[in-house]
């Protein structure tokens, strides 16, 4: 309880504090410190959950169960490492004149608020609050995306705002429908939207309403997940925003959105019981994976490319959760984790590379190994990891997903095969010359602080070779919960 | 298990080959001359040539490597072994199990590779040209020869030459259409392999189309002698194999030492006839252009394959 | 401790050596004089253990790695032991050579090379030990990855980069196919151990799906048509020891995988699988040998020859499947024995030849055959040993290559027993084609050896070519000895192969061979077929010695050196020798339709007449570029989705909403 | 009496729908804002009636909230925006107006069809109006699609929220208060941010025509 309070309060307070001092010299340190504190708090929370199991607090408005606690930890962890990365990165941006004092303040405070909102969205038990938090997280990041005030970043932010706003509006309608169904099944009132209660009476909810509701919710939150064809905001926002934001968008926000979809899927499954939600997600996922793969093959901007790769991977997760079943769900959760870790790591490395090269156009970034071996190897290994090369964790989840699909949905595997092949060719074919080969750039005098990159990659590597038992039990409980039991 | 008679037959066979091979050469040359209305050289001319060459000192190119010097001996050794395993007189040969039909083909290939490498060693224009052509003929003739032997071994259910000849010779007479086709193919192959007209002309020199002569252009003295002798042995071996496969009668069976006494005249007779036939073929055919050689050998190859298929179809 | 544990110790040792390379990143001395020899020693130990393991019961182990529900399962049975033996034996020689080969300034620092190299070795060993899909895939992809980094060691060169990219791409796609194979084999049980896959009995349909996927996946790694394009690019690009390791050992892991899946995991075999393998193998072998005959880069030539040999291996496997599908186990065993024998012998001679090209490269800095020649006088060791390799590679008795060919042809001779007339017609043709391939291989090898080592140097600076370093020689000697011994003692070698066929087919030719005596190799009966390489060699050698002695005794040994005669042609220059292109000319003429050639023929009136011929892979233009173009077009199409107008984006979302509502409502 | 009041709800509902259509038809931005204000007012009235009928007191709260937000704050803000940026006219649209109207009709039919089975299940007195709420939402969506300038698009977005609010009120007797508050807060922040944006966009492109915002795309 106290732990949860800390987890939620720290970022909020940090955000307020940074709204005051965010322009100071040491603001970056404060930002990192707050994130660290939040991370420690979440670790504490995790320990509590591991020891005492799930619990709900504050009149059931908030709750912690295996599914969200592992996402909370992940969120705070990546939030922390990203803050670490952002500290030197944003300072350099400041020196380059791309940032100003006020903008730094905006950046820092909004960063914390963004984290806070995601944590609320994860831990709340109330679908309404979930919606509110998601919307708030969007609003926070809109300002972060447009922080450079360039034409492109404004356009990206505008699209981000309008598209996600509309999407989230659909989600609200879906929520209202759920509430309607809940009223009918278990009476209205304050508690009607509590997920735990809804999950108990899911089988009583009217399938007609729930199916309609799920359609709205899937589309609404799916917009934020970045499912094709409602993904269009994602590449722009990732490419034009500051790199730390790209990292947390890809690594965290998409996960949270997918988490929301999963919560809704559990209810819809319970009510409908005909597996239609799963099939819808499978369809969405497949379309997303294939389309994203082909998008990948014609990119010139490095951040944009990796944004599309995020779309591809979100599609893969959606596909996995759509398949359902213990193995696929397990794989999906694992994929969530490793994708968050690896993709943010990649954005860190890319950030340094682009900053050094002064461009995000891949043709102009060459021979990173000569510029700085750490950046070069970080990017190379990260790319290989995200492409599903063992022994990195992404491979583990793709292994499970593909092999399961081969028996569950044989017709789908050729598409996945093509998509993964095209994605591999596209991404690796562009990254290889960036890392290897000759370059015009001068070698970096001192190697940039890339500890976060290698920590993330190390963790991803570990997850590929060895998953600690407690983490495993945790995944399995979560998987069972998603499977609706 | 090696019987005395067997050993005897083995030694006899090799000795006979070594002795008779030049004679066969002389015989063929004599007949060619007669058929072409020339005054024929003596039957013993090849022996004289060899003797002369052995007496001469051998001149070696400065940059000739050891490979160049060892090659003639290896070729000679290979051919000697080839004559040793070809069932000329008897089928009870201790060396027979050392190399069956396939190994025999390999043996010829080994010799060819060495002579070609030796030809390339000095690095003259003609040498490398000859090597290329020799290998060209080789890779077309080898599979054909192999297929011929296969169709025989499919009939006799064995790849050991001795066993093939035994079965063919001492079973009740039967007509094998496959063998007939294979025989034609074999004739083609042996013409090519022994550098006879229409593929190559052993009698000429300094022709842009020469093959065998170009190979050995740099050789002289004893080395040349060995090579010539080896060539004669090769012709002998091919003739013996051909005769053994397609006219296997008269070859002595295992454990019948006396039969060998009859086998020798039979062999000589058959060889004589074969030599005449070869001379006739060489006379009535004109040497073909080099570019047509592949077609010629491809025909042989196809015939051999057809022989196999015929056997599979008719079981005979 | 069990053998398996010791093997793991060796593998761990390799990894340790690799990691030890990092501190000594640029210290060539330590890496070359210490780490690589140590690696070679470990490889020897590995080979020894594998040899012992061949004759023991299968052993299993479970590591605390991998997925929680699926830790790494390892299993050491006859098949894996045999391939471990190959890895160890070849690896020892190659590591020894590499110790003398790697130097500073090849792009990647030697320490990193050491890490990648030993990671490569270890992953290959793990591939053949893995006993569950996950461990297998992890080892498999690690193998691909480490070899990729080794190939692109000199990544400053764009051509090398793109070669590496192509290689990794094909490897990855193949790996995905293998992944799906396992997805089929686990039959929806969610248990990915091979034990479980063995237990499952698949319907013919699913089994065939698995087989086809496996053929694609492992074929991509082995370089079977039409997935071979990476091979002639990657092998020349890599440093020679790496090319040797890839060609000699890594390609074999693909053979291992296919054997494992088809004979061990799939459970059933259908006869047409054999036909598929036969067809693929035959096409690959012919294509490979014909193309290698017209190459003018020595490593490309060898790469294509590797393709040819892979084709032969596939043919052998195809025969084995055929026989096994018709329950003729003894014959299947014979065919499989031939295949495995060829695996071993190819590992020896191909690595030997690749390493030789490495020494030549170091000595002369030339890779193009057109600029070499006469090296037998500058580097006699390399020349002598490559001669062994060349003879073995062109399948000549009494060397290793011939035995494999002999066994293969022998197994062909029995196919008339098949209860399927179509096959009975087909097989002789295949046999003929195999014979043709073998003969062509001889042609290729004469070209290879003659142009590099014989004749006169085609470039002046070849005069300063320095001989190979002692360590390089040691490696070459080791592998050359392999070629000779494999060739001379086939009976004993088959005794080693026998357990493998016993494992896979429950039958073997071992005891019949042993029954027929150690001197003569005879898979069925002495009367039927026999081959005695030792006798063969002795007789020839004896004949040579005797002749030499007699000639010198009866006549004289007088010898005079003088300028080459060459029909008294006055002006001799090295340029008058046959060039590599010239040597390829007959092949180009005969197999003209197969090639995709562009030629510039000089006219008699050219002031500076120049002849140029470039030969491209038809599959590249016929298959790969179209696929690439198709992808491009699709990507262009998909790109339209993202065309910038926010209104359109809203429209998407709107339509999607309508569709979704439609789905849930109706 | 009760039934009469209940019918007034339907009346307001229809008013909402008609206003939505009017917005689609309207070219002048100023009028658009007025229409939006009216829609807000209708929404407030409907909420009040429902609150009175169901006795759900928190609905009064949400009514007040809605009034403050949608009738006072947002319109005022929009007025100031268009004054400062002086954008009066919204020149052309994606399709011409009549086509848009036709599509709108189709949407209404779709919406009614979708809502009919659910509405029959609703416990609320204003059950019939769910379809209308959905229709309003879709219409506003359509408006966002067809409008080429930033301000009308925003207005479309806001009126979509009106539709949602109405759905919440009509179909269910209002969401839990805290949720309502949260939603209201989000809307407020959102509109603030939008205002900021419009100025930024303006200073970047010196126009609010979102045709300028089409540079980020796949070439």
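Letters A, B, C and D mark the chains in the order given here, with residues in each chain numbered from 1 onward.
The criterion applied here is as follows: a contact is a pair of C-beta atoms (placed from the backbone, for glycine too) under 8 Å apart; a residue touches a chain by one contact, two chains touch by 3 or more.
Predicted model only: the values in this text are computed from it and were never measured.
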Partner chains shared by chain B and chain C (touch criterion as defined above): none
Innermost chain, taking as reference the mean of every protein Cα atom displayed: C
A-D against C-D, pair bridged by the larger set of C-beta contacts: A-D
Distance-maximising chain from chain A - centres being C-alpha averages: B
Intercentroid distance (Cα basis), chain D paired with chain A, Å: 31
Separation of mean Cα positions, chain D and chain C [Å, integer]: 70
Distance between the centres, which are taken as Cα means, of chain D and chain B, whole angstrom: 101
Cα-centroid distance, chain A relative to chain C, in whole angstrom: 44
Shared interface positions of chain B, touching two or more other chains: none
Junction residues of chain D - those touching two or more other chains: 114, 141, 144, 153, 210, 213-216, 218
Multi-partner residues of chain C (each touching 2 or more other chains): 639, 641-642, 646, 650, 657, 661, 665
Pairs of chains, among all present, that meet the touch criterion: A-C, A-D, B-C, C-D
List of chain C residues in touch with chain A within their complex: 64-68, 133-134, 137-138, 141-142, 145, 152, 155-156, 158, 161, 164-165, 168-169, 172-173, 176-177, 179-180, 182-184, 186-188, 190, 192, 631-632, 634-639, 641-642, 646, 649-650, 652-653, 656-657, 660-661, 663-665
Residues of chain A defined as touching chain C within the complex: 158-159, 162-163, 166-167, 170, 211-212, 214-216, 218-219, 223, 228-230, 232-233, 235, 276, 280, 291, 294-295, 297-298, 326-327, 369, 384, 387, 389-391, 395-396, 399-400, 402-408, 413, 417, 420-422, 424-425, 428-429, 432-433, 436-438, 464-467, 469, 472
In the complex with chain C, residue positions of chain B that touch it: 54-55, 57-65, 67, 70, 73-74, 76-78, 80-81, 84, 95, 97-100, 102-103, 106-107, 109-110, 112-113, 116-117, 120-129, 131-133, 135-136, 138-140, 142-143, 146-147, 150, 153-154, 157-160, 163, 206, 217-218, 221-222, 226, 291, 294, 301, 304-305, 308-309, 312-313
Residues of chain D defined as touching chain A within the complex: 114, 117-118, 121-123, 134, 137, 141, 144, 150, 153, 157, 160-161, 164, 167-168, 171-173, 175-179, 182-183, 185-186, 189-190, 193-194, 197, 200-201, 204-205, 210, 212-216, 218
Residue ranges of chain C touching chain B (in the complex, touch as defined): 373-374, 376-377, 387, 391, 394-397, 402, 405-406, 409-410, 413, 416, 424-425, 428-429, 431-432, 435-436, 438-440, 442-443, 445-447, 449-451, 454-456, 520, 522, 526-532, 535-536, 539-544, 547-548, 551, 554-556, 558-567, 569, 572, 574, 576-578, 582-583, 585-586, 589-590
